Amino acid sequence: METTLQNLFWGFSTVFTATNLFYSLIGCLIGTMVGVLPGVGPLAGISMLLPTTFGLNPTSAIILLAGIYYGAMYGGSTTSILMRIPGEAASVMTCIDGYAMAQRGRAGPALAIAAIGSYIAGTLSVIGLMFLAPPLARFALGFGPPEYFTLLLCGLVVLGYMTGGSIIKNLSMIVMGLLFGMIGIDQMTGYFRFSYGLVALGDGIGIVPVAVGLFGISEILATAGQAKRPEVLKPRFRDLFPSRQELKDSVGPIGRGTLLGFLIGIIPGSAHIISTFVSYAIERRISKHPERFGKGAIEGVAGPESANNAASEGALVPMLALGVPTGPIPAVLLAALMVHGINPGPLFIKEQPVIFWGLIASMYVGNLVLLLLNLPLVSIFVNFLRIPYKILYPTILMFCVVGVYAVNSSLVDVGIMSVMGVLGYLLRKLDFETAPMVLGVVLAPIIEVSFRQALAMSNGDYLIFVQRPISSIFLLGAIVMILLAVKPLIWKKRGWRDRLTEAEKNS
Amino acid sequence: MAVVLLAGMPRERRMVIDPPVEALLDASAAINPSTAQDVRSSLGNQEPICCDFDVSSADANGLSVPRSLHSSRIGFLFLEPLLQFRQVSVNKRFVGFRNFLPSSSHSEAGEKSKMTIDRISGGFLVLLGLFVTWERRVLPLGTQGHPGPGYFPLLLAIFLMILGGILVIRGGRGESFRALKWPEGRHALAILGCCLFATFAMEGIGYRITMIIILGFLFGIVERLKLWQIFTLTVALALGTFWVFDSFLKVPLPRGGWGF
Amino acid sequence: MKYLKTIIFLTVVVAIATGLHPAILKADEPYPSRPIQIIVPFPPGGVADLVARPFATALERNLKQPVVIVNKTGAGGAVGMQSAAVAKPDGYTLMIALSSISVMPEVDALFGRPSTYKLKDFAPIALLSADPTVFVVRKETPWKTVAEFVADAQKRPNEIKYSSSGVYGTMHVAMELFTHAAGIKLRHIPTGGGGPALTSLLGGHVDCASIGPNVAMSQIKAGTLRVLACWGDKRIPAMPDVPTLKELGYKDVEFYIWSGFFAPAATAPSAIKVLREATRKAVASPEFKSAMEKMDTPIFYLDADDFQKFWDQDAKRLIAGVRQIGKVE
């Protein structure tokens, strides 16, 4: 503890040099900008700036890139709340309640709470990172294919709590998403599945085109032609701040979101977006007024936003502690270090304390900078809503096209985005929820591959799922949750959904 | 309260003053969101009312309600006192429904048509499941212990068909397909056309030209802004974003056959 | 009158389109007269990318034109390779690819699909690096030499597990070459890439793997992995105590993760000559050398003709390996 604080102090002294502060600031600015642009997410932002970091010293380089990384998580919520377009794939859940709040004139508080929640989550995660990195990383490595499968099975079951509406329809959305997620090369055998000769579909249809298309393009398609769009009133100054009630309501979700996001983030290979879905589902489940979700419940913004920031920092844990990339973004960060001749491995923290503690200290500073940057910008952003929609939507459309294209220089992605846009539009008309489909697309490859890998590991023996301790715990959890969900059908007592019914009836 | 509601209704509906409950419910079903706005504005823009009765896609019972019916809940709640006169306690009926039924609504009073949206969507799901099953035939299934690439798609396709089947069977109570309104349809088609044009043409003729064409089309022909507005916005946005991405962020955007 | 707006609009468009493009203005100038694009079919931060970027900077200096890297990922590299194969052969679109280029068409043939490109679609310009992969095992395993490992594997076939970055990927084919030569059978657990494969190994879910030497170095130093052999022709300078599989008696079991610089086959020979010269100078430049040194990736430069020979030999080995693997069920 003593040495940790000493090292931290030392890290701060590294950070508070003019150059490193400057790079931290630039990283946060670019990160926010990258997050705000629809489609372009932190991965694209970091890859864009990777070459420019070759000339810097490693500490500054990693500070800059990490700033972009968590900065993008702050910016991603802005377009989600204001225009229902996910700024980056992980902000999909914020679109739902955030936009609903914006429509009711509470865009300012939504943006503010998103920023505050992100800040608290970010700072707490850095503390976790600081103290617990090595043991947590070792724990995370213990997650093998059977654990992934049972964990994600739990995640899918949790989804049952995520959205209101008919369970049949939600289930069919998830299944459709899962099917879409299976397009591409089968990882275990090399077969091309459902790709019809388009090599570009080899890696699947990608989460970015799907998220931007299903939420963003479908939103434009649905609202552009509406005869009378609800006029956005000029927000009064005090409408920009969250009310005391909203702040109070957010404390719980922020705390839970942070913990959840961090834990999910440290697991190698999990996508940040999963933490947002789970956070939303849990908030809805334990809320006393679940009927408010989907119509502008502040918990639906605070929880997912905190989860997603915590997950992004949690993803750095195995990377820094063991030199193992947990996803494409930490892989690029690792590469940035490798270019400077530093090969992060288990000895990274010991051998390169300057970089490690400099990075930790910069994350504290960066989170604070982002909070101070985003709060005043709230008033500017809210005024974006007042631009006449007929000028706004072609601009948004253009940014979506560019953003989705820029991710992989691929026009097939733009095509997928358009198709998903139409699909989202039709689904809205036919009264389906689109969020579960996004989750299906994200989860499908991981769940299926983990299942088959687990079976490959055990040579066909299904018992492997119960033989390993962590896996059996999750499996038990999933079974329990399924039983709980099915209970009302069997017991005819007032289950959760019936109570929801009553609450909505009386509201 | 019912009078207040009627005040906000479109003119042609005001004739309905003392109707059977069914017809009133029909009328409220036809209120689309913009009319709900009328209701709000005619009530003097009083915040509390619209916020209390704000709607989502799930109605009171956890059953999904078609969006065009949303504002009908305003009508519905206003109409409760009237309902009591008819001794039809619609509430009781809803509470009794199991929560896994697909979208239902007040429609036992109204639509008897078979072509409900639920049936159609259920039908699509079944078709999709069949399609997947057909396409999957080239992928080996593997065994129980070593599932092949076709295993999960088949499983999911079967599941999808079951769900679609349930929707078709139980979907009789949904909103009729014909009642779906598509007011924004032509706009949506234009925007979709632009997206598809971008998809196919951008690499061929370059980013800037494609964007100029698309933005020009949207601003000029679809939205009919003034000429100088079209010109400045189009050029500024197309060239500006190109500069930001290509020169500043070094993300190459396609330059088309002529190198532009 | 109704169409006046449309006419004005179209005129403006045409005016801008023709007025602003530079290609008309610069017709006959020596190559290169425009920025050059190098397609890297792998995600940023991967091996190919890390070699390509310092190389592009060095090349820029020699060619006096901006050299831009475009990452076109997908399908294990097939997407980027296909786009390079069909690109205009004017010398302004080039590619840096890894050894997996030889494997893709063979895999396509195996599955009866039309191949996305053919090896003949590319003209090699130079080989930039060639790292042999190394055989690592977890530190908890009892094997200290390859002989021990092979003996154990023969006693319990299909029990020992290894991870790979994907079916027919570099880690898979390398291991298959070895196991085929040694006559043993191991259980293959494919993952989604080099990162997850390493994670799987470190987490104890598999027992061994064949990975790139620079990735292995840091883990070996920390003691989490032990290296038993390498797939090279000669011993790796950074690991002088590690025998090559060739030394241990497994003939023709060589595998390199090499990165090469290619152009579309129909590119004009004059342009290729310019590129070869520039590459030669770039590879010898101190900045490129120091960049590669920092990444623990030794430069292994072969000019076009030698590279073609190397490539042919390597491709033969890899294709034989893929055919041995056959279709994975």
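Note that the chains take the letters A, B and C in the order they are written out, and that residue 1 is the start of every chain.
We take it that a residue touches a chain if its C-beta (ideal position, glycine included) is under 8 Å from a C-beta of that chain, and two chains touch if they have at least 3 such contacts.
Source: prediction; values computed, not measured.
Colleague: Of all the chains, which has the CA centre nearest the overall CA centre?
Modeller: A
Colleague: Considering only mean CA positions as chain centres, point out the chain farthest from subunit B.
Modeller: Most distant chain from subunit B: C.
Colleague: Quick check: more C-beta contact pairs at B-C or at A-B?
Modeller: By number of C-beta pairs in contact, A-B is the larger.
Colleague: So, what's the distance in Å between the C-alpha centres of subunit C and subunit A?
Modeller: Taking the average C-alpha coordinate of subunit A and of subunit C, the gap between them is 31 Å.
Colleague: Once you find the CA centre of subunit B and the CA centre of subunit C, what distance in Å lies between them?
Modeller: Roughly 46 Å, centre to centre.
Colleague: Based only on mean CA positions, could you tell me how far subunit A sits from subunit B in angstrom?
Modeller: Computed from C-alpha means, the inter-chain centre distance equals 25 Å.
Colleague: Where does subunit B touch two or more other chains at once, residue-wise?
Modeller: Expected reply: 140, 146, 148, 250, 252.
Colleague: Could you list which residues of subunit A touch at least two other chains?
Modeller: 51, 188-189, 191, 409, 456, 459
Colleague: Using the touch rule from the top of the page, what residues of subunit C touch 2 or more other chains?
Modeller: Within subunit C, residues 70, 329 contact more than one other chain.
Colleague: Sort out for me which residues of subunit A touch subunit B in the complex.
Modeller: Checking each residue of subunit A against subunit B gives 44, 48, 51, 100, 104, 163-169, 171-172, 175-176, 178-179, 182, 186, 188-189, 191, 193-194, 217, 220-228, 230, 291, 294-296, 390-391, 393-395, 397-399, 401-402, 405-406, 409, 411, 414-415, 417-418, 421-422, 425, 428-433, 448, 451-452, 455-456, 459-462, 488-489, 495, 497-498, 500-502, 504-505, 507.
Colleague: Quick check: in the complex, which residue numbers of subunit A touch subunit C?
Modeller: Residues in contact with subunit C: 46-47, 50-51, 54, 141-145, 184-185, 187-192, 197, 199-200, 202-203, 268-269, 318, 322-328, 331-336, 338-341, 343-348, 408-410, 445, 449, 453, 456-457, 459.
Colleague: What residues on subunit C touch subunit A, complex-wise?
Modeller: So the residues of subunit C touching subunit A come out as 43-46, 49-50, 53-54, 57, 69-76, 78-79, 82, 107, 111, 113-114, 116, 158, 161, 166-168, 187-192, 195-196, 198-200, 202-206, 214-215, 217-219, 221-224, 291, 293-296, 327-329.
Colleague: If we count contacts the way the header does, which residues on subunit B are in touch with subunit C in the complex?
Modeller: 140, 142, 146, 148, 208-209, 212-213, 216, 220-221, 227, 230-231, 235, 250, 252, 258-260
Colleague: Which residues of subunit B touch subunit A once you look at their complex with the stated criterion?
Modeller: 34, 37, 51-52, 54-67, 91, 94-95, 98-103, 117, 120-121, 125, 128, 132, 135, 139-140, 143-149, 152-153, 156-157, 159-160, 163-164, 166-167, 170, 175, 180, 182-188, 191-192, 194-196, 198-200, 202-203, 207, 211, 214-215, 218-219, 223, 225, 229, 233, 237-238, 241, 245, 249-254
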